[in-house]
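Below you'll find a set of structures to go through.
You will see chain A twice below: alongside chain B first, and alongside chain C after that.
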Partner chain A sequence: MTGLLIKNFVRSKGLMTGLLLLFLSGLISLNVGKHFLEKNQQLIQQTAHFQQENIDRNVKYVNKEIGLLLYYVRFGLANHTPNLAGLSIGQRDINPAVLSVTIRNLEEQKYTTDLMNPMYQLIGNLDFSFVLIYFFPLIIIAFCFNLISEEKEEGTWSLVLSQAISPLKMLRLKLCIRYVSVLTVLLLLLVIAKFYLAIPVDNAFVAFGLTAILYISFWFSVSWLIVSFHRDSSYNALLLLIVWVMLTIVIPASVTTVIVYKYPVPEAFGTVLESRDGYHSKWDQPKEPTIQKFQKHYPQFNRYKHPEGKDYSWLWYYAMQQMGDDEAAVHATDLKTKLRKREAASSVIGLFVPTIHTQQICNHLSQSDMANHLNFIEEVEKFHEQKRLYFYPKIFTDFAIADENWKAFPLAYFQDKVSVNWSLVLIPVFSICVICVVWAGVNFRRPLERNARYE
Partner chain B sequence: MSKLFIVNKYMLTAKNLTKKYGEHIALHNLNLTIEAGEIFALLGQNGAGKTTTINCFLGFVEPSSGQAIINDISVTQNTAETKKYLAYIPETVMLYGNLTGIENLEFFSQLAGFRYSKEELSGFLSKAGLQTTAHSQRVGGYSKGMRQKVGIAIAIAKKAKVLLLDEPTSGLDPKASNEFSEILKELSQQGTAILMATHDIFRAKEVAHRIGIMKQGHLVSVIDSRDISATELEQLYLQMV
Partner chain C sequence: MRFSVLKILSRQVYRSTIKKRSTLWLIGIFNLMLGFAVVSGYQILTTQQQIVDKYSQQVRHRWEKSPDKHPHRMAHYGYVAFRQKFPLSFFDFGMNSYVGNAVFLEAHRQNTVNFSEASLSNGLLRFGEISAGLILQLLLPLVIFFWGFDLISAERENGTLRILLTQGISWPELIMGKCLGLFSVSLTIFVPVVVISLILLFSNGAIGDNWQSLGYFAILIVGYLVYLLIVSLLAVFVSAKSNTSKSALTKLIGFWLFFTLILPKISLVIGQNLYPSPSKVEFDTAVEHELLAQGDSHNPNDPHFKVLKDSLLQAYGVDSTHKLPFNYGGYVMREGERLSAETYKRHQAKLVAIYQKQQNVVRLTALCNPFMAIKNLSMALSGTDYATYHDFENQAEAYRYKLAQTMNELQIKLISNTTKGSSGKQAIINRKHWAEFPDFSHHFPAFILVFQQEKLAIFSLIIWISGLYFLVTLSSKHFKAF
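Then we have the complex of A and B:
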């Protein structure tokens, strides 16, 4: 029976076209991912190259005062992009892969981003997670919505019911054939991705694959549930499309709205203003209070003094820059905390919404989510602080530029850690699958023979 | 004689079989027995209850009261078991257009738990009167008559003791219809009990041993086909309905 069901399936032009389309769009998405990774790689390599060039040139021309030199010199920290991010670009396309900062006030430099190529905003620029989350369900719906109703509508159902020892077994086989066909396309794409994007087979990749498998299993479970109600094809198609629109568009958009409303971040604007005012206004104020505040922050620099009667000193200048960060510090911390809260809230909601959950897990595993960006920013803060603490004493003592080893500041890298929480990855969607299948099982307890026709 | 034979003599039994849809009574207290090897034709207008009767035996319709019994087993209580004894040919046999005639037969036989070789399957199709050249063609291009023949082959391959037919010859040309009757007679001689709903009075008289006339859910008359000519039957039918 299985052989003939497969034959019938394979000979259906519509179904095969669907599978082919799915495969093709998957390939396109892999190519988009490849392009993204290459662009990223190129950007990091060029930054590494030009950073050294920039330092060398500045050292050559701004060679009198180290305080002035460090006004210009930028130190870059790159956020390591795992190749898995080629499958799920997430927020990586808007968040910068490298931040190059001077030791001046950091707050204003944190939010600089790469120039955005409008090409990336075009329709059709889809990553694999988009194909998985949006397109796979549509194909699954197209494969399953008329699993029973096509038999009724094409007239084969009564003959099937009169012949079959277990009509349910036949339906299960039909579903399995569809499941295996879609699963094959998915696995094929993942295998191609592994080689094409050179993704290492580690926990993250395995978890990514399992997430994808669970996600398509979820859509098959939902479809199985819908067909178990024995409604006609158009009703099933409509219902499944409503579920699709709700889960992929309406609910995620609503969740975003609710979260933005619940955790507003006026701090984003406040931080920028405070940071700017924090140092700009200091030009017009007496120098001493600024320096006192600075030395309160860094008691280790108490021994350095602003030369009396002078209008300007590098000690005062960097103290003034520091005030930009110090005065925005409270709001900046609040901003980060709220962004983390947003992330946490959407994770909780994601537990109940497979589309959101899948996107979150994919982005988490690919290190392309908000959490990764925040971790990166925190690392930038540490990196920046470290550079400050290294150079401050040299600036305050007017250290000779030529005595510094300027080759010792190559591009630095931040490697975020991905912990795979297996139960978080697997349990939520799996549980929803089980609920759907059990519910369908209850519906199927009524003999199928009694549903020979629509009620 | 063994008790078993007597018990099995009636392959199909309807006991006070009643089906109500709300206030509407589709089938009213039907009592009917059909022996092994007997062909019973049900005549009646559309909506008289013929199809409901067949659907009760198939288990597609749950009786409101009374029982449909096949081979001494209640259909309602054990549809899976009674199904093993019966084969069904609907008014229009619909098959899987992407599969060939022989593949369709193989599929439906496998559903019923039978496994046949290609030769055996081809044999069934030939026996049902389907030309050999059509066996390995996709049924998408089959005529209604050809599909009905695959339906017959499916029934033959199931070696069913009971055959339920719902207006199986409607829309068939006279030749195909005649061939169909011959096959029914052959099956009856082999001991198959056949219940056939039909509008074809002439065909009913030709093939059936007994003829029942239904009106508004009631079986109003049962006639032995040897006792009546086709013309008389037609007159009787017109008086009754």
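Then we have the complex of A and C:
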């Protein structure tokens, strides 16, 4: 029986074409991922190169005061891109991979975006997660919608019923063959990805693979459930297609709209205005209060004084710059909190919607979600602070530029850590699968013979 | 083609489709979704408008209230320009979420437009946003295909097709009649959302551009009507061509997937590979290198500005810049601003040209893809396309340039040439000059620009509708009655 079913499956031109299409689109998506990773690598190399060039040139020409030199010099921090991000590009093509900052106020620098073609962002990448979330279900639906009804519509159902093997067992076998075939394509693509994109086999990759397997299992369970109602092919196809449209387009798109509506971020504009005024308005104010505020923030610099009667000093200048950050701090923190809230809201909703959940887990594992970017921004803040604290005393004492080792500031890297929360990764979709299968089991417990009469 | 026959046929399709419970459900769900989409879109729009208004006023207020100071400090204090949303943008979100909203404008520097909705969002945005545009372009065709796939093939399968044809109805009449019926069913979804949108458009008093957006909306409606007609015609045509209803449905769903999901993504991959665009680092470095070659305008002794100095000294017959009858520092800075802005503009134009080429690859597919055609047209008319955004960038840069140069002019005219530094009594000017500099106001491009940008999309819709029409009338011999 099994042998015959497999033979039947393999000889079906439609099914084989489906698998082939799936495999091909998977390969294209891997290529897109490779292209993305290469471009990213190239960008980081360029930045590293230009940073050294920038430092060397400025040290050569702006060689009198270190305070003025550090007005110009940029230090870059790159957000390390794991190769797994080639499979799920996520927000990585929206948020910059490298931020290069001077030690002046950070608020004016940290929201800088990269140059991107918005039409491309609108259409979105054809990455592996897209193929997984959109294409795999379509093929699964095409494989399963007429699992029973094709037998009925082709008049072979009564033959099935008259076999020694139970009809349910045969249906399970049919489903298994389809499941194994799609699973094979998925695993094949992941193995190819592992070598083609040089992805290390770690927890994140294993979790990524399991998420993908669970996701296709979810679609098989849904199809199995729909099939268990014993309706005709066109009804099943219609219903499954509606489920697909709802889960991949309507629900996630509505959730996005609701989140944008529920959490507007005026704080973003607030930070711009506050940091601008915080810094620029100090030019017209007495110097003492500014310096006092600065020294209240950094008591360790109390011993440095603004030279009496002088129109200008670097202490005063960097104190003004510091005010840009200090006065925007409330807004900036609010902004981050708001963004974390947006992130949290969508992950809660994701628990109930497998498409959203899968996309978010994929992005999380490949460090291409918003959380990663926020972590990166926080690291940029630390990095910037550390540079400030290193250079401030040198600026205030007018340290000789030539005595500093300017080769010691190459591009720095931020490596985010991914913790795999196995139960969060696996349980939500798995439970939905179980519900579908159990429900289908209840449907199948009704005698199958009765349904044969209709045909 | 006889009008009376078309009327009978279309009425029959309309009545038999609308009779079904499932149809009523679908119509109800779609109207709810569309209602939700435009109302929430409108609320997001008005919230954003309020936020932008509030902060624009603050920017203006802070600008005007700035104390007496040196004009160049004012040029560095700068301005913040916010992108206004076109009143119609609630109908089709287009690229709105992917382009920046606020840009800090200051002397010497062209900052990026920051805070796009996408940069403030998580990966969910990649599923799209529920807007009327998305539902009408993407989901409604799918429903039309469901209603229309068996309109002719089922008649063939039942044997009623022969009866119809023997009654003297011609093939073109049959197809056009059924198509019009299907089209009129789709109107039960399209018309309500148009009405709600019109009401919302009228109730939005925040912007005085309502007449402009009303005109755009009229054209948009025509565009969508043509699109729905194309989709209906395609459904009936495929149904007539296919042997069985099942194969008609499979073909139509295949079309849908290919046109909406696959082709746009593939054209994107092709465009990216054909026309690689520079990263920000590359772009900035290229601009910086060119600027370095031009010299530093903050330094009056810069060798590159020496030529300028010598010619000025000669013209005024003096031996030192201090003896010039105007502020020499301001003069040099004005020259520097002009050079750097020109350089930036040139590089920016190159970058935009690359983006345009990339987009043209996608745009070109509109010729064979009516979905892409209506998508582009709809975005352009809703003011959410790249051209509208780029227009904002240009306006912001023009304003920035004007601001910097006005401040330089003030310095040249009002600051004594012998004044040192920028904080002494002589180095500051009265704050009344700040209020004299006009506020930034964002205008939307005129229709002629939108038309030029999207003529390919309009052309494509015309080609599709007339092409399908001719196909129906000319190839009637090849259809099978049984």
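In this section, the second predicted complex is superposed on the first by the 441 of 455 C-alpha atoms of A that agree within 3 Å, B and C clash if a C-alpha of one lies under 4 Å from a C-alpha of the other, contacts with A are read in each partner's own complex, and residues count from 1 in each chain.
We adopt the following convention: a residue touches a chain if its C-beta (ideal position, glycine included) is under 8 Å from a C-beta of that chain, and two chains touch if they have at least 3 such contacts.
Nothing here was measured: the structure is a model prediction, and the numbers come from that model.
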In the superposed arrangement, does A:367 touch chain B (first), chain C (second), both or neither? neither
More chain A residues in contact - chain B or chain C: C
Could you tell me if A:273 is touching chain B, chain C, both of them or neither one (first, second, both, neither)? second
Where does A:248 make contact in the superposed view: on chain B (first), on chain C (second), on both, or on neither? second
Could you say whether A:12 touches chain B, chain C, both of them, or neither, answering first, second, both or neither? first
Contact-wise, after the overlay, does A:322 reach chain B, chain C, both or neither (first, second, both, neither)? neither
Regarding the shared-chain residue A:149, is it in contact with chain B (first), chain C (second), both, or neither? neither
If we overlay the two complexes on their shared chain A, which of chain B and chain C does A:358 touch? Say first, second, both or neither. neither
Could you pull out which chain C residues touch chain A in their complex? 33, 36-37, 40-41, 43-44, 47-48, 51-52, 54-55, 58-59, 62, 66-67, 69, 73, 76-78, 80, 82, 94-95, 97-102, 104, 111-131, 134, 138-139, 142, 146, 245-246, 249, 253, 257, 261, 264-266, 268-269, 271-273, 277-283, 285, 292, 351, 355, 358-359, 362, 386, 389, 421, 423-424
Would you pull the chain B residues touching chain A in the complex into a rising list? 55, 58-62, 79-80, 83-84, 86-88, 90, 92-99, 103, 106-113, 151, 154, 158, 164
In the complex, chain A touches chain C at residues 28, 32, 35, 39, 43, 46-47, 50, 57, 90-91, 94-96, 98, 100, 108, 111-126, 130, 134, 138, 233-234, 237-238, 241, 245, 248-250, 252-261, 264-266, 268-270, 272-273, 276-277, 280-281, 283-284, 311-312, 339, 342-343, 346, 355-356, 359-360, 363, 368-371
Show me the residue ranges of chain A that touch chain B in the complex, using the header's touch definition. 1, 4-5, 7-8, 11-12, 154-156, 158-167, 170, 447, 449-450, 452-453
